[in-house]
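Every chain is named by a letter (A, B and C) in the order it is written, and numbering of its residues begins at 1.
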């Protein structure tokens, strides 16, 4: 199978297996993350009490750790859940939201990476650069990136960490350290709704939970979001300025996404 | 009055009295719960700091306790609020989300039930079976139930606990231990949006807060959700796959629900 | 420039500068607050861990403190963030949600006001009256106000505290203690969606973050919400009872708001 056949197979696996995806995530976008997991065909589980996270992750199929509104209590829960997931070979995705913004976030991610093995780390260019130890402005914002730099950072870091690195932005890069793919789907409105990054991580978690390979999980999660963003703009009532409606159509498009949408629209190349 | 006349009277009472419904609930679906309470004509109040919950519940008309993302801090607040509500005769509904998933949740509900008297407990079949001490798979998911078993479990547990038991699923059972009703409204899309269970509990809380009997509150809350789910599918733009839009139409339908919608659509039978 | 020219200039400043607006706010409406900040052209940041809030606010342009679901932990974080914002001359808006409802909330606001200088305080009449030490029913609800009383309370309190006071309701009053404006835009449906008050505070935070004067920031934030509420009712599919759809159209209207919408629709008078 080529890469897109793998992705489409992986998508079908989600619908068939309906995996449970345990999230310890932020309270800003959590509702959208839960709905996007349902939309793609998996089951969301949210729990962050340290006394239950090891039990909870043990009956789930994937773990999403997102530091968006992380605090000391939930950081401890993330470590607890992550360690148990590692013991049980349950795949984990890390979303290091705003890692460059504060020392607390930087050290939180440092600690998570010391204690836990991740299958995928997904962030924007600024966030992944901070993890790579590269110079990046410490803000929560997307920096202007160039695709070649993005691909190189992804590949180098993936090799170093032994996990999939996914850098999302205008063009996305996904690498396992050997192969690096550039993805060029999406729509500018995806940057005007909060949580499209978090939701992408939750979609990747859904792919992982269905037993798919981490590389195709990352590509699949990103493509479902970015292609759904394109499909959302094709609906009759679409109006670029109508951001509230766009968010609704985006969720509609994710729930309705089919292999043929991906096959027809995907713009992928190997770097 | 027959049962549906009681429910329609109870619905009118919400619009007239506009009760305050204090929630200690999860951060996943809390926004939808607040909006559904407004939509049905009541006023939502959310507060979980232990230093204020007794004061807050004292000026409210009903209390909703939902353990969806419960932690040790908010569990203590639930107990504090619940005890005060009992003292003041303010009705309480418990939503034991995922009780079977972890020992923490099981013991949380055990403690809540030891310390607090509830007017209504609403959950899916798996959750209510755990409370009933019956064998149930410890997951967050709906088990396939059969209506006769559901009615029996509801009736037996209601009698044992002396409160209304509401089991929601494809067919819902509501019992006070004497009478047991089966409700057969709804639409499959209600299972594809996160929080329809939580919202149902918040609707029941709204009915309770208006001074309605617990039995009709439970039936009323369930019918408002399940019939609104049906009405949402009648709107011109409805498309079964468009789950984002369905959630919007569902909220529209709840805000617009009228006694005649209930009278015309209800499928109720006594078991 | 007259007042509305100032507001329109201020709105353009948001689009140009895209300020970061740090929120420590409630988990009920936080997603809508983030989306409304994006819709108006600014960037939302949510963080409440005490170890990072001083760092986070230091790289932001405004701070929104909203006590909607405040607890002891987040109150301490609010104070920490507010002190740092004061040191760095970063403007702060306080939204004293439900201050009259419980002693905890009252003392939380008291402490916030002792330790932090605010640029704007926005609340409903009942909330602002509590801050003014006036007799107000201690509930979370809007009291029926009369516009002349509202203007007087706003003006007197603004003079006393040396900050902008904004009282929102059917008619809004905004005062800096010298000039007091009455604003008469809006639509009743704005009271039927949770979080329109919180979102208004976040809009004011967005205006403040772009370096605008506090008086025009408060007027601008309120007008963007209330005029968007009017615009939302002009869309073809508008139906007064369809509250779920209204919320979507409201977000659409905020994202699309133009100076000419404000100029054409504004109903403003100096008291």
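The criterion applied here is as follows: contacts are C-beta pairs under 8 Å (C-beta built on N, C-alpha and C of every residue); 3 or more make two chains touch, one makes a residue touch a chain.
Since the model is a prediction, treat every value here as computed from it, not as a measurement.
Undergrad: Tell me which chains count as touching both chain A and chain B.
TA: C
Undergrad: So chain A and chain C: same face meeting same face, with over half the numbers shared, or different?
TA: Mostly different residues.
Undergrad: Quick one: chain A and chain C, Cα centre-to-centre, how many Å?
TA: Result: the chain centres lie 33 Å from each other.
Undergrad: Residues of chain A touching 2+ other chains?
TA: Chain A, residues with two or more chain partners: 27, 31, 247-248.
Undergrad: Which residues of chain C touch chain B once you look at their complex with the stated criterion?
TA: Per the stated touch rule, the residues are 26-29, 31-32, 68-72, 98, 101-105, 138-141, 192-195, 239, 241-245, 247-248.
Undergrad: Taking the complex as given, what residues does chain B use to touch chain C?
TA: 20, 27, 30-31, 34-35, 38-39, 43-49, 51-52, 55-56, 59, 73, 247-252, 255-256
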